[in-house]
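Notes to accompany the following structure.
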Amino acid sequence: MPLLIKGGRVITATDDQRLDIYCEGETITRLEPDIDPAAVDPKTEIIDAAGKLVFPGFIDPHVHIHLPFMGTHARDDWASASRAALAGGTTTLIEMICPGPDDEPMTAFEDWRSRAEGTASVDFTFHMSVVRFDELAQRQLRQIVNDHGIASFKVFLAYKGALDLSDADLFACLSLAKELGVIVTAHCENAGAIDAMQAKLVSEGKTGPEFHEPSRPTCVEGDGVTHLATMAQLTGAHIYCVHTSCDEAVNAALAARRRGVNIWIEAVAPHLVLDKTYAELPEFEGAKYVMSPPLRDKSNQAFLWNQLRARAISTIGTDHAPFDFEAQKKALGRDAFPKIPNGIPSVQERIDLIHTHGVLSGRIDYQTFVDACSTQAARIFGLYPRKGTIRVGSDADLVVYDPNKKHTLAHKASHSNVDYNAFEGWEMTGKSEFVTVRGKIQARNGQFVGETGTGRLLKRKPTHF
Amino acid sequence: MPLLIKGGRVITATDDQRLDIYCEGETITRLEPDIDPAAVDPKTEIIDAAGKLVFPGFIDPHVHIHLPFMGTHARDDWASASRAALAGGTTTLIEMICPGPDDEPMTAFEDWRSRAEGTASVDFTFHMSVVRFDELAQRQLRQIVNDHGIASFKVFLAYKGALDLSDADLFACLSLAKELGVIVTAHCENAGAIDAMQAKLVSEGKTGPEFHEPSRPTCVEGDGVTHLATMAQLTGAHIYCVHTSCDEAVNAALAARRRGVNIWIEAVAPHLVLDKTYAELPEFEGAKYVMSPPLRDKSNQAFLWNQLRARAISTIGTDHAPFDFEAQKKALGRDAFPKIPNGIPSVQERIDLIHTHGVLSGRIDYQTFVDACSTQAARIFGLYPRKGTIRVGSDADLVVYDPNKKHTLAHKASHSNVDYNAFEGWEMTGKSEFVTVRGKIQARNGQFVGETGTGRLLKRKPTHF
Amino acid sequence: MPLLIKGGRVITATDDQRLDIYCEGETITRLEPDIDPAAVDPKTEIIDAAGKLVFPGFIDPHVHIHLPFMGTHARDDWASASRAALAGGTTTLIEMICPGPDDEPMTAFEDWRSRAEGTASVDFTFHMSVVRFDELAQRQLRQIVNDHGIASFKVFLAYKGALDLSDADLFACLSLAKELGVIVTAHCENAGAIDAMQAKLVSEGKTGPEFHEPSRPTCVEGDGVTHLATMAQLTGAHIYCVHTSCDEAVNAALAARRRGVNIWIEAVAPHLVLDKTYAELPEFEGAKYVMSPPLRDKSNQAFLWNQLRARAISTIGTDHAPFDFEAQKKALGRDAFPKIPNGIPSVQERIDLIHTHGVLSGRIDYQTFVDACSTQAARIFGLYPRKGTIRVGSDADLVVYDPNKKHTLAHKASHSNVDYNAFEGWEMTGKSEFVTVRGKIQARNGQFVGETGTGRLLKRKPTHF
Amino acid sequence: MPLLIKGGRVITATDDQRLDIYCEGETITRLEPDIDPAAVDPKTEIIDAAGKLVFPGFIDPHVHIHLPFMGTHARDDWASASRAALAGGTTTLIEMICPGPDDEPMTAFEDWRSRAEGTASVDFTFHMSVVRFDELAQRQLRQIVNDHGIASFKVFLAYKGALDLSDADLFACLSLAKELGVIVTAHCENAGAIDAMQAKLVSEGKTGPEFHEPSRPTCVEGDGVTHLATMAQLTGAHIYCVHTSCDEAVNAALAARRRGVNIWIEAVAPHLVLDKTYAELPEFEGAKYVMSPPLRDKSNQAFLWNQLRARAISTIGTDHAPFDFEAQKKALGRDAFPKIPNGIPSVQERIDLIHTHGVLSGRIDYQTFVDACSTQAARIFGLYPRKGTIRVGSDADLVVYDPNKKHTLAHKASHSNVDYNAFEGWEMTGKSEFVTVRGKIQARNGQFVGETGTGRLLKRKPTHF
């Protein structure tokens, strides 16, 4: 059934126009100032977007859905995560494949893919985590890139002994990435420093969630970025620092950029609107706000926004990682903060948080908003122009957004399978009214109205040579 | 006569597509993968762009054409400058209005406008230099912005006693700019330092062109940027540093950006491809290479390219300022370098220089090339989307470019009215074949084929609130 | 009468020794582990320093005593200021000579000198402020340096139209300083920015003392340091940034040092222990805490202490400027903060504040304490080794200090002629017991016990070539 | 036999005085303007130092003498190294104890000590390298510190798999150092990066000595410093970066210092006067100039000197590591640069090189020269005031230096057991005439005249709490 979105203000990373959008099949086929509804296929569904904004479907370049973590699992599956994403205006998710250190890459890829295929209601792709780099792994990684269209790796400088690579493997992995044209996303915190600090703090009886940040202060993240950038400078690989939380880390990245390193920077919604005082909330409630890198001193927020406005930070993701507060964060981490499962779920809330605290507060404009929340993710990760923009031929992933709609974030409205909402009671202005994926309306007014399992794996071509 | 550009690879700041372009009247009316020549107006002129690139018309945000300078005048008029621009693929020029310190702004504006209107063959607008800031000047500046659509100012921190503003006036000027939403472009070199250094060097008998750079070393430019940024931080004004030549100046700008200052950075072609050894050429030939800020140590070039690739530097202009070598630079400056008229003409050469030394050498990609040489100038200076991109409704300013064409830069091919070419003998790859302004072919293969005087003043709306 | 200080722990900028000190006439004549009291001149006065520390007399390189300021005068004269200094362990003061813009330098020098001579009870010298630079001024400045032993200048980048120099004069003044080997101390805040901000804030009704800091934020000070450093780089002059208050200013100085500029940095006691919340105290009490550069956000303190510990900041002075709260700060500044006379008197409190908050809190060690509060001032300003250390032949300026003595700062104990104490009620640990100047005991336990007017002008030789 | 040094200009890190020095036994007992030779012990040997400078004996805080390295050994023993040191004015050496990864620390300590004791003719101590950190090692390290007076550790971030510690061990080692008050000296180059780069370059056939620098570019050293500083920030340990070669590494250290890390910086003579073009000399002669960190681009030299002048860099050592050119560097490294034994011997040349290229060229003054080449090493490493200065009670380690003596560096004048002199033919101004250790003349005019084996192990107390 064709779709006509009429009367909206169409906003992309570069433009702001009054245009009607006509979608047939899965793509946008017409984009014109005035499309006569009487002159199109009579079966066309017409959405009145007068007074509304129309954005390209938002992309979250950094989510966890299936996530084994220290003996437990994150709570979402692709059905719930898709509903949450769509309710919030996000139409494409890039999930981290997170194998254990002994798993074969191909097995992990197949596992993660099979969980998404037939269950996801948004389109999706993966960053392939590289946690081993023996010959078998290398061979399979080549296959995963070349045969399966997974054009990005993920490496960890954190999570000592579990996920981090030796320097030799890191160098080799970056060299392979350069050869294949694959960008390497990286969690940049120095693993050894964290391990030692965690042990030290716990041994001193400092076991509460408020010690999570002191166990990995900003210098640990700056150290990680510096090290990754060094390796990238030596190999020529293109790198992408995920969830950069602080001045010190961003500055390390910008210093590398001055030396010619091809480095991109991601912020995530929690660091932009929350600070470390949340992790210090009493009665263990701070555990709701434990993620890594941790929430920081508030002074870092202005810095991150400034760099977003200047487009020195390219993307805003979430690092959505849905663990329950009671049964997981509290139950497992009660004795010692290093055991609190990490993550602040926000895949549903991201767009409204950034709209309210970024756009409406004047920190960024609408173009930067779309660029950071959709277009850049598409460009950097090889999805553009199929995703990330509104133009003829692109997938009809669209968000009709009411910029004036006031609402309150609440757990009861959450689709993610977790037992709390980190932003409970926050007042928002702006909300998605209609969300389409490839021409089909998947959400209306925050409710999933689509068909579960219609999401598709997006094959991507390497572009980072 | 309609125009159909068929078979080209259409490249914008964001996209790279195989599209045909149909232009009717002055604008682009269709943009489609395949437009049937048989189905369009039979009068349509068809350009075969197979194997060619199609760019939006390039914009030079920083040129001087009518330029009184220390008792002489630059050699171009709008007829010659337009021919040079068009030959090189540039379809819009932003000229600096440069009144003397006692001139009334409105008189200057009318003078500059009248020289362009009816003579220019490219579209044009102006940056309004603010060299006095009394009440009359303020009143006229408001008129110039509001009634005449000139949405950018120019201030000088250099040229002591002639063009520079007092700090009080600079602050007030920036405050007015903030109020009006006008961006302030600025020449950031500390005037007092230069004056003193020039006097010192000349008094020591150091009078040759090779002492021009030592009279205004990089710290003088860094100082200027720091000072402008301080004033912008206090007033909230948006600023744009023209012709930034070195690491130290760019770093000062980036430091300001970290603090939240809204600052844009311009590079110009000469600093990207020439270094200070040119100004040290014997037999006074160095004078050909005297501009301000001066050509720098070569190590600054890699830094500028790195920042362009990262889009931290937004634009590439020329600071085209056409003075003759023999009759002006040599005749006037022979006794002492401070009297050498400043400028390295490159309005015709810019695009081919950047294509050859930027794109083909792998320093920047085609999107960044278009962004820096066209789109950003349009966005920053309020010309977008009329100029700076290729889309339906935009002016049909188009460049059909042969990326493989080899040619040699030479004075004999120059359209600018000067007696030398600073790049004489340089081998280029890539050349404009067809250049259109609002749907009319104005240049073919480096020759002007249009009608003189058809250029139009572009009214702009302030966007920098 | 000879003096024998027995049993003390003698601490200098480099050493920490158990030594007895014997003073004859005005100098130290013996420095030995054990001087037999029975074997010296029987008239010798013996001070038992067992359990005490013995420091070289402290030097305050930055005080105002006679200070005309916007139609009023600071409250101290050399008698009161000397008593305050001596009570706190300071035996040498360097006062700023602050002529008006039309005064002749020599007249000003004679005026300031005559006020000190015969009244001062500490030794003294001056920084000669350069607020005009015509030919007469230059001639007299040469005389003041060469004939009168004043080997340091002071320039203002702040105080627009009153004290600041044009860039041409600043350059010329620095060039003269380089020629004469004179160091140039400088107040580095951009004058024009402050003037404009003051006018803006006042026009918005923001007239209270809490707006003093926002009228000259850290960027204004960073700008000043950058500009001074640029001029120093061009001229080769040695410079000294007085009362550096913030991260941004110190970083600007360190950046200049990396480029080879010979630059020294001074902190003053108020910035090390007070922050801007004091200037926000209600009922206009904030006016007590108005000085320039203003008290800053508390985060700057750790940074200043870190740089002191690393000896990147060389000296700790006071910028003592004694204005009454009621009759001056309040009476004159009530209507608008720009009229509040600037200054936080601390010439008496400096040493105990730094001992308590610097040494005892572990931020700096005793050597750094002596270095910053005495030795470096002597070295930088040409008083070493006559002042600033303890060795045979040096002036017998000595402080016997009880590091464990607890006391409370209070106005009633102040010797400075002002009506308040900015540190009222602060608990201190450590106090001077005996303070000698050239072998005579001038203060005991915070009381002046000497003879008024015995201080001497110290002739200095230029050392900064 | 007592010693009287008469008529010299005595220069320390802080002072410059005309003093006679009288030494009895092993120490300085009198230091007076004029000691009457007729009034002292008639057996006194009198040295006429008129027109000469007298320095405290120089200390080299970074030498290798016994050095097993990839299957071979450095060529010096303590007899030859002592002669070389003394000939050049150096009276104390701090040698690196370099055990293999499986050696017990105590065994290594005993081995290194036994080689020095009875053979050394200068006084000596050691930095204890920590290359393993199991329980036995920890226990022995405590003994070595507490019982044997070795108050400094050395750790390697370079030399992967041989000498580098895991992050866990590095953290633990720094924590132990903090507990014991021991400073940790560190070779800061990232081991993994170097290994990978070496393999890569060699695999590409880039095997000559000119590829040594590209195998460990400046970013690798900056990375190392950043990482060490991170670990120091977390543990509170005091750190000392040895042989810092470049802008990037020093800046990383200064950035850490701004954050409060207690970090000291060492430069070594080769990096101050040689650059990487030496390692590019043809016929494999470049191998003479292979050390790590490598010789750098010449632009780094000015930066290092600037930081020395500002005393941001504390010390100048040598990293003396005496390998033969023909039999070792060439024979072993001919096939591939990673096998070239590292080191540029300069223990004999250091003082004259720094005097000529530092002091006489105006880059540093005499106080900074003494501070960097003697005093700071004594202060930082717990030898002060026994060593590092000239005062009553200090060891009579003295250098009578002729600042005007011209001579030429040459292998034939070298006492070090190597077959080449890296500075062959360099013209020097300034030379040691007399060199004493604890009151005995050990060298005259570059010739050893003392008794071999009279050097003593210096017990040191930890001071870095």
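All chains are identified by letter, namely A, B, C and D, in their written order; residue positions are counted from 1 within each chain.
Here is the rule we use: a residue touches a chain if its C-beta (ideal position, glycine included) is under 8 Å from a C-beta of that chain, and two chains touch if they have at least 3 such contacts.
Everything quoted here is computed from the prediction, not taken from an experiment.
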| item | value |
| --- | --- |
| Centroid comparison with chain B (C-alpha atoms), farthest chain | D |
| More contacts between chains, A-D or C-D | A-D |
| Distance between the centres, which are taken as Cα means, of chain C and chain A, whole angstrom | 55 |
| Rounded Å distance, chain C centre to chain D centre (Cα mean) | 39 |
| Chain A-chain D separation of Cα centroids, rounded to whole Å | 51 |
| Residues within chain D bordering two or more other chains | 259 |
| Pairwise chain contacts, counting only pairs that touch as defined | A-B, A-D, B-C, C-D |
| Sites on chain A touched by chain D in the complex | 160, 166-168, 170-172, 175, 190-193, 195-197, 200, 217, 219-220, 222-223, 226-227, 229-231, 233-234, 259 |
| For the chain A and chain B complex, residues of the former touching the latter | 13-15, 17, 247, 251, 254, 257-260, 262, 302-303, 306-307, 309-312, 375, 379, 385, 389, 391 |
